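Reading through the structure tokens given below for one structure.
Chain naming follows the written order as A, B and C, and within any one chain the residues start at number 1.
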Amino acid sequence: MDFDAIVVGAGPAGSCAALELARAGKSVLLIERGPFPGSKNMYGGVVYPRILDELVPQWWEEAPIQRWVTRRSTMIMTPTQALTIDFRSQNWAAPPYNGATAYRPDFDHWLAGKATDAGAQLLCSTVVTGVLRDAAGAVIGVRTDRPDGDLTAKVVIACDGVNSFIAKEVGLYGKVDAANYTLGVKETLALPKEVIDERFGVRGREGVDFEVVGCTEGVNGGGFLYTNLDTVSLGVVLKLPRLAAQKKRPEEIIASFKKHPAIAPLIEGADLKEYSAHVIPEAGYKMLPKLVGPGLLVAGDAAALCLAAGIWLEGMNFAMASGMYAGRAAAQAVTRGNTGPDGLKPYLEMLNSSFVLKDHRKLQHIPHLVLSDRVQNQYPAFVANIVERMFRVDNPAPKPGLRRIVREERKRAGIRWRDLLSDGWTGMKGFS
Amino acid sequence: MLAVLFARDGAVPAGGDEVVAECGGRVLVCGTGAHEAAAALQVQGARAVETGQFEPGTLAQQIAPLLDDDIVVLPGSPDGRDLAPRLAHVLRRRLLAGAIRVTEHEVFLARGGGREIHEVTVDGPFVATMVPGVRGTVPTPEADHGVPSVAEKVVAGTASGTDCAVLEVLGPDVATMDLAEAPRILGGGAGLDSSERFDQLTRVATALGASVGATRVVTDRGWLPHARQIGTTGCVIDPELYLAFGISGAVQHTAGLGQPQYILSVNTDPHCPMMQLADLAIVCDANAALDALEARMAERMAGQRG
Amino acid sequence: MTVVACLKWLTPHDADDRFGGISPADSSALEWALRLGAARNEQVLAVAVGPAAADTALRDALACGAHRAIRVDSADELSSNDVAAAIAGAIDGLDVSFVCCGDYSLDRGTGSVPAFLAAQIGARQALGLIEIVLGNEVIALRRLDGGRRERLRVDAPAVLSVEGATATLRRASLSGALAARTAPIDVLAGPVGSHLPTARRPYRPRARVLPPPQGETLDRVRSLLSGGTATKSHGVPVELEPEEAADRIIAALDEWGYS
């Protein structure tokens, strides 16, 4: 065997897996197709690195972050209205912090550096094109796109991101359904730091995270707007089948989001620096693939461990955690000399007892709810109209009672009581 | 300031006239047909020295003793570019290559891939090369053709083994020619609908003996390399014939067109600037016209062969 | 004997070392060096004059099959003569057959390093090549102006400089790529730049000397507004079907004498 373990993909999942293996004294090769880790990776822009407390204590002192998220707003939008729930906490502006905005080329590069510092070997500009298997079908290595490009290892960890062909090739996925994917598109817009500070009401390294529902022109999904030091990241995530069915182009949806009266003033005069698009796995707990195969573990997006549901966009934290557990489980299996399915099984137990699967279990109905037609198309107008009428001054008519407004607006929006109650129940249950 | 030109068969190199103008008419022409080339420059007192084919190592040794000026300027044509460092080496002088302006004490150099200008203040002797096409000249009237040139002698060739052996010189090839030098250019713009159109454009151009050019919209899309872009941020061209297919004629484009004798434009919009400039302006879908033209050229070829 | 490839490390002006690399022309030069080395059964040496980041390019060269790498350490912007001297110093004492360079570097872009190098090491030069044929002899096609080309026989020792399209750099083997990550690179002390006083500003084209516009007042005005193009406009646009258009174009070319 050339290595104890080969990790495919130097995203957050792969780097954490390699770091954990190297720390355990195993020989590990991390293979990345880009010229350096993170070079081509994209995401919305906010990372929640709490899990790093375990791997890189005091990570906040060295991680290449842009701003600390101290303000989190959830916005409900109709073409002419916007209702915002705005939360701010100065507790998040100091160690140990909560969330941060960061650029992937910086963050992934830094995290992979931690793995190589610990002794992992990193090989860039190399694409894994297949897995090597023994007669019994167990994974024993990888094939790359380089001449003489085969390498063997006791364990292969697939951290190759969404649409992991490795997981598919080994048969860990059932039937792949487009309904389980969303498309994320993002623009990076440049603005001077002072302008961002002023428009978003932040200082120094403080930053904001806006999550928006109802801004996607009837295509089920959501929008986001995050502040970096001198750019903002603005984008939408869109349900793939809907996008296709409605014959809308993501650029059009982003353009109309940018023109919304609640957004336009925030980004006025900004220069477009970058446009990118990427698929997000959004399978939900029930649709997760098998995470363990013979000689193979799958982590991060490759295992569809990502939470993308309109107002949530968390994947980096799940990727780092699942990568870390995969590395840990693989190292133990190598030490014990059992890298078969049962030898690798502790990986599942680690995931099950951590937030990785607990969150997915708890929130299993939430993505469906947030992306449902009612939440997407009916509730925003319903809620916004109620608020509009509460604040509207209709003198000489007297102020109407709230109950009447709600009744009228529910009718106008065509929402049945039954649905409203059941959606409310799902929401409550989902978070309790 | 003295211009040094390497002539081939009596032809002045690209940018040669500009360098001569920059040096106020002082020039030494070497190469083959040096006298003829010196005469064609139409400047009094042009010096000429017959040195044979391009052997830069030997040539630098031969002509260095004739260069009594503190400042020697060559055109940045292939021969000038390759001879200048050799001369600087023999003369033990500094080389300031890729200038867009040369004066006694100040040289402006194009740097950073043409994004920057470095204004260099210089004292004492140096050798410079000047980018062809940046200066422009006013052609002298044909009338006083044949200003006599002064012949000079050089020491015989130095030891062999200094240069490569020239096997042959091949005539112009429109496909590999620098756009700046191409006499016929077929340009394509955003009116052509796909990258395959540009393969087709190249085939038609070759059949017409023309080189292919494009607008920035096209090169930005990566349908042709940047070297094929015509305009202020691309190549400045000076063809006799320009055929524009689906090009609107924005000023950034036309500013690089030079003064073609004939312009032909195919565009669906009869009012765009390119159509206004054209000698023959055809309102038609450029893609379909290209298909038809390619078919016609094929028929013609077949006819000629048959 | 040794074949040398000269590689210049470049970082884009708005990015850091991670985004750096060598030019397509230098990649081609490396490929030619490797081919020459294989054909002549000689060692291939990659040389870069530049900062520590340039080691990345040298390691890539080793991964592709170069046998040795030398970096002359210098973070300065050097004149092409100084760069050539640094390379000449690095290969001094070696029995060099061919040195392969790119035709132009992307930042300085004067293509003068190779000629200086040839002068300094007493080699022949064949520069601005658009084709190389390796057989018993090295035959090269050099770009001239006016679209002409010159075919040369290049005997060693010689410096070659090639355009980027002449060869595609081979892909490094997996074992080569793995080994190169830790392969040693010899680092030599480099020269310090000696600079003339220089002011830098964004590029602005020099005002070109143009003949005064000719023709009627309106034509002269139009000529000035169009950036000096076409003093005349004869054509009233004609609307044609594609087939007719093709015929008209061919007829016009014939009439103008370009058939």
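We take it that a contact is a pair of C-beta atoms (placed from the backbone, for glycine too) under 8 Å apart; a residue touches a chain by one contact, two chains touch by 3 or more.
Just so it is clear, the model here is predicted, and its values are computed rather than measured.
Overall, the chain located most centrally, as judged by its C-alpha mean against the mean of all protein C-alpha atoms, is C. Across every pairing of chains, the maximum count of C-beta contacts belongs to B-C. With each centre defined as the average position of its C-alpha atoms, the distance from chain B to chain C rounds to 17 Å. Chain A and chain C have centres, each the mean of its CA atoms, that are 43 Å apart. One inter-chain figure worth recording: chain A and chain B are separated by 54 Å, centre to centre, where each centre is the mean of the chain's CA atoms. Annotation for chain C: no residues touch 2 or more other chains. In chain B, there is no position where the chain touches two or more neighbouring chains simultaneously. Across the interface of their complex, chain C is touched by residues 8, 11, 13-14, 21, 54, 56-57, 60, 76-79, 81-86, 88-90, 94-95, 97-98, 100-101, 108, 110-122, 129, 132, 134-139, 161-174, 176-178, 181-182, 184, 208-209, 232, 241, 243, 251, 254-264, 266, 270, 273, 275-285, 288-289, 291-293, 295-296, 300 of chain B. Considering their complex, residues 13, 79-81, 106-112, 115-116, 118-120, 124-128, 130, 139-155, 158, 196-206, 208-211, 222, 225-243, 245-250, 252-253, 256, 258 of chain C touch chain B.
On chain A, the positions that touch chain C within their shared complex are 29, 35-36, 39, 105, 109, 121-123, 125-126, 144-151.
Residues 18, 171-175, 177-178, 181 of chain C touch chain A in their complex.
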